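Shared between the two complexes below is subunit A, which has subunit B as its partner in the first and subunit C in the second.
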Partner chain A sequence: MENALAFIGRNFFLIFGLMAVGAAVAMVFSKSAVHSVLSFLFAMLSIAGCYLSLQAEFVGVAQILVYAGGIVVLFLFVVMLVELTRFKEAGGIFHVQTPWAVVAVLGACAVFIYVFRGLIFDPASKDALVLKPELAQGLDVASQNAQAVSRGLFAEYLLPFEILSVILLVALVAAVAIAKQERA
Partner chain B sequence: MSFARALLEALLRDSRLITPQLLLVGAATLMLWPLDGILFQRGEKRKWAPVTLVVLALTGLLMLGVPSGSGFSGMYKVDGLARGFQWISLLSAIATVFLSQRMLDGMEEQTVEYYAMILFALSGMFFLAGATDLVSIYFSLELMAVCIYILAAYLRNQDRSIEAGVKYFLLGAFSSGILLYGLSLLFIAAGGQGTNLSALNQALAMAPKNSDFLVFAGVLMVLVGFGFKVAAVPFHQWSPDAYDGAPTPITAFMATAPKAAAIAAFIRLFGTGLHGVSSDWVPPLSFVAGASMVWGNVAALRQSTMKRMLAYSSIAHVGYMLMGVLSMDVAQGAQVIWLYMGIYLFMNMGAFAVVIHLQGKGEGERIEDFRGLGRRQPVLAFAMMVFLLSLAGIPPLLGFFGKFFLFKLAIEQGYVFLTTLALVTSAISAYYYLMVVNQMYFREAPEGDRPALGTAIAAVVTAACAVTLIGTAFGPWLLEWAGRIGV
Partner chain C sequence: MTAMTLTQSFVTALLQIVVLALFVFVAVPVIVFAERKVIGYVQLRLGYTRIAGGLHGVTGGLNRLMWWMGKLPFFSILRGFPSFIADGIKLFTKEDIVPEKADWWVFHFAPAISVVAAFTVLGIVSFSPAPLWTWPAAVPIVGGLPFAGVISDVNVGLLMLVGVASVGVYGIVLGGWASNSKYPLLGGLRSAAQIVSYEVPLTFSLLVPVVLSGTLNFTQMSQYLSGAPIQTSAGPAQMPALAILPLFIGFFIYLTCGFAETNRVPFDLPEAETELVAGFHTEYTGMKFGLFYLAEYANMIIVAAVAAAFFLGGHHFLPFGLQRFIPPSVPVVGGASFGWFLLWMALILFSYLWVRATLPRYRYDQLMHVGWKWLIPLSLANLCLAALVRYFA
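Moving on to the complex of A and B:
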């Protein structure tokens, strides 16, 4: 019992990651749209768990607020408003692609296990996977997580952050431009 | 407090580097709101083209005053490479706006969003050409791509345009995911210390031995992502459909400006950040370059529509340019690619201008529509012939010099097989370019009237043709001049 708990404690990241992957698979393969959205919610919460296990509390909480809070609700609205009965029979459109996709996914899994094998299971190479966020000069990353993130966003990564805001603006404008009705 | 003050001072100092982008983004945002309501009444949307041209001209003026240097904690850098490719993108955008106005008038599809998207896309390209950090490269690439997705799907009443946009968007989003994952693998392999390209290069050189495969996987995924963005074989499947369905001026834009910016980032990323691990990416990139040349040219042979043919030919041209990325002498490779891209810009814009002109009266889609053009409109046909022969690289035209410098560099760098392949495929490409010339001069013209050449299109054709012909006269000295400008 003790050992099992200790194992879980050591491998939170791996457990949450596997949960996220499982939920994502369930999301893709579930027949009902509502089930898909719920699996999506579960996947997002698992990823938030991954962030928390990496001591990135701020990102983890933001993940829960934005994805689990905002986006899932938005998805549920869409599912509610759009009539989905028409798409029910579209289950078989990827007959040709499915086997190839499965082969490709398994192949990719094999490659990545090969790539990461040395890094995860070789004790000598543990340093390579330890991230060293030294954005926070003079800050204790563990207790002042939000400050560290804000320094990253608004000092070192200011330019990409602002470019990102332009991307969001463009996406909004574009969505309206594409979807708007022609005024007679 | 001193931290905040230092931040503000750095911001004020660095913002001089990005004044053109600030103008572009600011002007585009203002155009969307509130200028849309203030300046023009409804039904006067066509006036947005002149406004956009003014903004673009001002951007060009601002670019002259931008100092060289690096800023934003090493995220962005203005140097010869950035400047050179920014000019290419800017010229391409100007030509696109010129070409757009008449066609959009004809379709009654003038909106402010169209022009604003071009400006936003251009700002993304400016950032991309100067990005020196994994994060800023990725985000500027996305800014550029999102705008182009929308522009490709702009004619939303046409199924083909929607198809183009959706295909481009789905494959683009997918490839962005691959690119991002590759970048994150490289970040981890470099120890997770930083994302700056030169720091990355040093960190990768010192990476532990057992992360070799990690680096290789990261490099491959980045290569796949960029391959999608520049439409190199085997990641090109979206491009013919997207080029075919997009509004033709946007096709011309897509074939030049985003490619120039993406190639600039390609050179920057592979030449600076991954220079030390070149043994990982030279073989796959050689394959991509060779496959692009072969498949682009062979597939272009079978096309019966002009836009698809030019799409495949642009894949082939990207293949040639990737040979320059392979060069271990990064500065010279960048110079040669820049020259090639600049030359390609003029030929390509000219050819698309002629296609758009013929499209104005419902032709120009098929290659057959060009028959008898030599008799109907001799000047236009002559210009088109110049563009096509130059695209084929037939001496002594300008396109020949572009290819000559590129192939010479490739030989010097020891890529003999690849250069031979490039020469053979160039010869193949001459066939389909000459097919169009054949249609123009040796086929009977169908009955029909002669449409008037719009001023804007005439201006683009004349400018492109003049540059091609004048450049031809100065061909042998071009590379030296490019070196003197400092690209």
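Moving on to the complex of A and C:
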């Protein structure tokens, strides 16, 4: 019992990662668009589980809050309100793209492994994955990462953070402007 | 306390989950029954003291029984209980219909999402400051270990709560969509728009105690509200006297948004019978409908628990930090206990019923008007007030 639990505890990241990959595959290959969105939701929740298993509680919970609770809801709205049946009758929108998509995914995997092989396979590279210690002075990063993240965002990198939010705002306003033009 | 082994903590968590589930399965019927009774008294209805049928046969016997119970001192409270039991039997035995053109998977999945999200949120609510009991040493695995009043006292508790609660909206949207029928779809969309809108002021109002205290943790928040100094990772914090003002305003904003989030009167537009038949659960029967019902009441319990923990006394007797005027040495009202938490929860749940019995339903545009033009600016201003209090005090 004890060993089995410890084994599961050590491999939470792997379990959630496999769940995320499985859900992503289901998202791509499911026939109904709503089923795709549901699989996407499941993938997002699994990724949140990955973050939690890496002790990044804040990022994990923010993942649930922003992606699962906000963005996927919007996806679902769009998919539910836009009729996708005509694509279904035409033999599926994804059929033409499938071979190219497989090639692109394999290529992306190759590039990813080539670029990050040092990070993944080199034992000395573990330090690069740890949050900058000077940002988290006096904080126990593993247990208080909400504070660590907020220090990074609102003290160290305040200006880039604000500029980023302005960029997002510009994108939103632009989207509204384009939609308004089409209706007129 | 010595460190628990993995097996012990696993079994303890499982036991806690079972106890919590039992608590909800007991509390929800009690609330439903109380709802009928309270609305009956407030609106001077005779309702719920009799059931369909005449004065003959089985129903007649039950009607006579209820009439007789009303004359006895204690049993008059239970008047209406037989018809409540009948409601339950009906829920369990009703035919389980799946519409032919419904999306089978999503149709079955939707109620489950609602219930799972509600129960997951309850897992991080701290019901009791001290362990509820300690297992006697004779118990096999967990002997000698305390049984804590919270399953997972995470330090991002509030964020977790808001995040998982926002997943619950999928149950409503998908339930409406999967029925493949017009009224449920409209009801589901309406409800989703309502919930997404009111999430904004809800979160803003919940940020008030967070800004004041600097913690997201349920247990620490309760200590902070009692006026005791707490040690957060952002530094020590103790409640200033002025903090009562933003907390007081925030509490009412939170309660209003909580009513909207749980789709209760006066914001029960998803189930506006006159317009939408029964909203997103029109096509649901039997226990699948029962799960939606259970999720709604479990969400009410969550709203009550969060309001109690973050605005009212938490585990203490007096709300909004007034507890500091009672020294901890005073028996019963001076200390923190499970009972006070339950009492505050019960009061807020009663206010749900009270509001339902007195207020009419908003129109849809009024609902959005109140949410976007009043509650969001008000909650933002209140948040600024809280930040000023924190900065100067």
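Following the convention adopted for this analysis, the second predicted complex is superposed on the first by the 131 of 184 C-alpha atoms of A that agree within 3 Å, B and C clash if a C-alpha of one lies under 4 Å from a C-alpha of the other, contacts with A are read in each partner's own complex, and residues count from 1 in each chain.
The working rule: contacts are C-beta pairs under 8 Å (C-beta built on N, C-alpha and C of every residue); 3 or more make two chains touch, one makes a residue touch a chain.
Everything quoted here is computed from the prediction, not taken from an experiment.
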item	value
First (subunit B), second (subunit C), both or neither touched by A:Gly70	second
A:Ile178 touches, of subunit B and subunit C: first, second, both or neither?	first
Which superposed partner A:Leu106 touches (first subunit B, second subunit C, both, neither)	neither
Contacts of A:Leu18 with subunit B and subunit C, given as first, second, both or neither	neither
Touched partner set for A:Leu41, first subunit B, second subunit C, both or neither	second
Doubly contacted residues of subunit A, that is, touched by subunit B and again by subunit C	none
Residue numbers on subunit C that touch subunit A, as the complex places them	5-7, 10, 103, 105-106, 109, 154-156, 159-160, 162-164, 166-167, 169-170, 173-174, 177, 185, 189, 192, 196, 199, 216, 233-234
List of subunit A residues in touch with subunit B within their complex	111-112, 114-116, 118-119, 122, 124-125, 127-134, 154-160, 163-164, 166-167, 169-171, 173-174, 176-178
Interface residues, subunit B side, partner subunit A - complex	7, 11, 18, 25, 29, 32, 72-73, 75-76, 111, 113, 116-117, 120, 123-124, 127, 133, 135-136, 138-140, 142-143, 146-147, 149-150, 153, 156, 165, 188-189, 191-193, 207-208, 210-211, 213-214, 216-217
Contacting residues of subunit A [partner subunit C, same complex]	1-2, 5-6, 9, 32, 34-35, 38, 41, 45, 57-58, 61-62, 64-65, 68-70, 73, 76-77, 80-81, 139-140, 143-144, 146-147
